[in-house]
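Shared between the two complexes below is subunit A, which has subunit B as its partner in the first and subunit C in the second.
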Partner chain A sequence: MNLVTVLDIFIGGVLIGGIYALIAMGLSLQYGVSRVLNVSHGEFIMLGAFATWVLYTSLGINPLISLVIVGPIIFVIGYLLHRTLFRSLFKSSPSLPAFEGSSLLATFGILYIIQNIAIITWGSSSKGYTFLASPVNLGGAIFSANRLLTLGFAIGIGVAFYVFLARTRMGKAIRAAAQDPDAAGLMGVNINQVLALCFGLGTLLTGLAGVLYSMCFSIQATMGLGFTIIAIIVVVLGGLGSIPGSFLGGFILGIIGQIVTYFEPSLSLAAYYIIFILLLLVKPTGILGK
Partner chain B sequence: MLEVCNIDTFYGKIQALWGVSLRIDEAEIVALVGANGAGKTTLLNTISGLLCPASGSATFLDKRIDGLTPHYIAELGISHIPEGRRLFPVMSVRENLEMGAYTYHAWKRKEETLEEVYRVFPLLKEREGQLARTLSGGEQQMLAMGRGLMSRPRLCMFDEPSSGLAPRLVLEVFKVIKTLREQGITILLIEQNVKRTLEIADRAYVLENGRIVSEGKSSELLQNNHIKKAYLGL
Partner chain C sequence: MKHLKFCFCIILLVSFVIFPITAWSESKVEKDKIVIGAARPLSGPLAQIGDFAMGPIMTMWAEEVNARGGINVAGKKLPVELLIYDDTSDLGTSTRLIEKLILEDKVDFLFPNCSTAFLYASAPLANKYKYVYLGAEGGCTTLTAMLPELPYVFGVLNYSDYYQIPVLADVLVAKGVKTAAIIYINDLHGVEYYHSSLSEFMKKGITIVMAEAVPPFSEDVELVLKAARDSGADALCGYVYPPTTMAVLGQAAAIGYSPKAMVLGPGVNFEFFKGIFGPQMLEGVMGFGAYNSKSSPEIADFIARFIKRWELGAMDWWGGAFYFAGLQCFEKAIEKAGTLDNTRVRDIMAKEHFDTILGDTWFDMTAGGEGGGLLAKECHPGQVGQWQNGEYEVVGPTDKATTDQVIYPKPAWPAP
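Showing the complex of A and B:
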């Protein structure tokens, strides 16, 4: 294995890691604050990707512009989903664990509804388009320009989101609500609004990851579940509830995936599960967890 | 200022408050006294909107507040410093204080209020950047009180602010409460230390098994035989 191969693996891992980081941050927010373990999470990366593909192939809209079209729409879908479905599940649940159980089941339903609608609309074959596919040489390793661009956007979105949580009034309310919802309510935080906001921000981050993903890879209507699993693994890897942990964890899993794929491509999903199980056994709090 | 009328509150099917009525006038210190499990915390939670009463009414500054959500009640000027402090453990001291000023009217003046709170609790300024969970028990209580003041409240409700504190710090807590009254803040106080509480309060209510069993001027309750026996150990 020469240096260029090592570089190839490393950069490849970082490039896909940016996508993993975004979807994991989204899931972490949904579970950490809204308390919904969202199995349908990956469907929103699929929706983001297909929306971008449709806009590009039928209207010629630049995928980068799709970020600001698709993002807000997917945010509103997530927000309304929480305000209606999860809000009423919350009201009818006698306890938080009961809500976590019923909302988990509900997200299974959402997964199949979204996936089936997508299959009916777009079929189950792979779709794709070419966008900025010119090769770029990074110290001997060759990557297409679109992948570097998506990495830049993924890091930019991740950092902007972190700054939003750390610095703004609403971001602080979200963190407070994650740590003690009742106390946050006493401070004047509208809890129902914050929970819905977090769910919507979770789908937003994932939808944006979908827009970026479609610029580099082919997409399928059934691609969602794999990403949900990856997001869950990254969230546990990074430490439950830690947004920087999810961000970092995305890149770590991306690199591990590339290493395994280099030696045996068919084993990468199995490797993810092995990492997941080892992690649960050895350090269940994750790398940045308390 | 606050008028609670015939409140019944339930936990599921279990009734915790039975026809509770209470009145607080502007600039008073009113104490709420009762054994463990009497329903003191439940009453505070009902006033601040964490619990919704099954019947009865609560009125604050001529507005009905029963059944409203906590954030709305906070916005009206009631600050509830809850039992067990309930700080945001992985936020810094300063961020906890900022969260105290989350309401719209308080957020605009938060820098100014922060200076005032730091003047009352200089120690919080020294610990500004530290995470709340790394503070000692006494410091955490100071932070909980400071956070409660950040909203520039009209009415402050303290639920056992001195619980678990060393005697010297208990004195400190009572001193702060006196200072607040001098600043014109109205106070509803729940305390374990009944004698000291009745000494600083203007009036008091005694709660037993979810019912108000007596009320009156603190000075009179201090002389009451039942109170003396049950709460003052005399």
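Showing the complex of A and C:
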């Protein structure tokens, strides 16, 4: 294996890992703070991708500009979903485990509703567009410009989000709500607002991942569920509730996937599930989990 | 006593009148329509094959039949009703639905499932219940060996060793291709095409310098493409389904990998690929099929009707004409049989020639006519296609070609 091949594998893994990192951070936030194991999470990457495709092919809007159009829309959808559906479920649930169970079932419903609306609206065929599909040479290894750009944005969005959580007042409120929602509420944190905000931010990150994904890959109305599974694997890999863990886990999973693909491409998907099972057996707390 | 005798006579009379009529009614239930059931992928990853291949063709065929008043069955025209269930692209669901259609819905006829693996799983099931099973999207390479035992199965589409890969090898060899790299999906479709290529390419002097299997519907194939590029092969063959076909095309262009010959499919045979990638990017890319308006006036008329009903973007340049011709054979066989009895319809389909958009059309039957059959290769309008100036031209076999030239080497990718 020469240096160029190593670069191919490593950078190739990092490129797809950036997308995984964003969706996993979103899921981690939704489960870690809002306590909703959102099975419909992947549908928001699909929505983000299709919205970008529509804006690009119908109105000629640059996908990078779509980031600032699609992101807020998907954030509002997520925020309103929590303020209405999940808030109502929370009120009617006798305990937190009961809420987690009923919200899990509700997200299954959301998954099918969003997916079927998408199939009716956009059909079942693959969609795509070409954007910055030109080669870039990195130390002898060739990568596509759109994927490098995607990586840059994924890292930028991930770091910005981490800074938001670590350095801002709202971020502190979110972290407080994640640790002890009752105590945070007693200290003046508007818990309902924070939980809905976290759910909305989770969908926002995933929607942005969808925008970036559509620049490099074809998209389908049924693509969501696969990403939800990957997000769950990454969240477990990084450590439940750990945002930096999810960010790191996304890149690790991407690199492992590329290594397996290099040696045996047909096992690349199976490798993800094997990692998931091994993690649950050997280190269920994940890399950065407590 | 007299009263009793009277009652007995009345009962007897009523019995004679009612029972024969009831029995006659049951044996001569007048049908007012022909119900044809199918388990199709209306959702899931296979939907994009079904929606652009057999799906619109069978809908158009049913509409045209009904516009003519229906199929003439023993002097009475019966309209056609399609009963379609969504198998969600799941093989287990698909086969369960086939049994439901047969046993619970008691449909008159069955239409096919979608894709090679689904065809392979469902054909024996339909045959078990003695339902005519007309194949559509999907190859029969593995199924062929079983055909003598499946008299109700009729393969309609051409596929790997029947005779796409042999013709493809001829086309490539004629242009000087010496080496090939193969990427294939590890499901029945990919495996059948890969194995056909192993034998045909070797037979005709093309060395396979790289072959890699990828999971079905893979989206990220950059690393595998780099392996193909590094192999230095003259030709890249991608035996993959449309989402992966899109990935191969898009990612090969993005890393600047442009082999001298590129054969992909299914996928590039769909007109919507041109809508996504544009004609310049598809220039010189080969796929399977194939037919176009230049193939024959009957096919040109079929294409015009299809575009009028749907749109050019819904056209499938591989199977559309095959499927429609298969349905025409089926319709004419019912009319000739004068009954909806599947066995009698099967016998006529096995023996007769039919006038369809492919011209004189018939099935080559196995087991001396007692087994299943395949649409005769003489009826195929083409095996290999290539995008040239925005048209999907037939380039093989030469006697069916709609153009004299095969573009080789494929031009470099257009600037982004």
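Following the convention adopted for this analysis, the second predicted complex is superposed on the first by the 290 of 290 C-alpha atoms of A that agree within 3 Å, B and C clash if a C-alpha of one lies under 4 Å from a C-alpha of the other, contacts with A are read in each partner's own complex, and residues count from 1 in each chain.
Everything that follows uses one rule, which is that contacts are C-beta pairs under 8 Å (C-beta built on N, C-alpha and C of every residue); 3 or more make two chains touch, one makes a residue touch a chain.
In this text the structure is predicted, and so the values were computed from the model without any measurement.
Engineer: Does subunit B (first) or subunit C (second) touch A:Val76, or do both, or does neither?
Structural biologist: A:Val76 contacts neither subunit B nor subunit C.
Engineer: Spot which of subunit B and subunit C makes contact with more residues of subunit A, would you?
Structural biologist: In the superposed model, C touches more residues of subunit A.
Engineer: Under the stated touch criterion, which partner chain does A:Val163 make contact with: subunit B (first), subunit C (second), both, or neither?
Structural biologist: neither
Engineer: Can A:Gly185 be said to touch subunit B (first), subunit C (second), both, or neither?
Structural biologist: So A:Gly185 only meets subunit B here.
Engineer: Which partner does A:Arg147 reach: the first (subunit B), the second (subunit C), both, or neither?
Structural biologist: It touches subunit C, and subunit B stays clear.
Engineer: Applying the document's definition of touch, where does A:Lys172 land relative to subunit B and subunit C: first, second, both, or neither?
Structural biologist: First partner only, subunit B.
Engineer: Taking the superposition on A as described, I'd like to know which of subunit B and subunit C A:Val6 touches: first, second, both or neither.
Structural biologist: A:Val6 contacts neither subunit B nor subunit C.
Engineer: List the residues on subunit A that touch subunit B in their complex, please.
Structural biologist: Residues in contact with subunit B: 94, 169, 172-173, 175-176, 179-180, 182-192, 290.
Engineer: Within the complex, which stretch of subunit C touches subunit A?
Structural biologist: 41-45, 47-48, 50-52, 186, 212-215, 218-224, 226, 242-243, 246-247, 250-251, 253-256, 272, 276-278, 281, 415-416
Engineer: Which part of subunit B faces subunit A closely enough to touch in the complex?
Structural biologist: Checking each residue of subunit B against subunit A gives 12, 48-50, 69-71, 74-75, 79-80, 82, 86-91, 95, 98-100, 102-104, 106-107, 147, 151.
Engineer: Which residues, counting only subunit A, touch subunit C once they are in their complex?
Structural biologist: Where subunit A meets subunit C, its residues are 8-9, 12, 16, 115-116, 119, 123-135, 142-147, 216-218, 220, 222, 258, 261-262, 265-266, 268-269.
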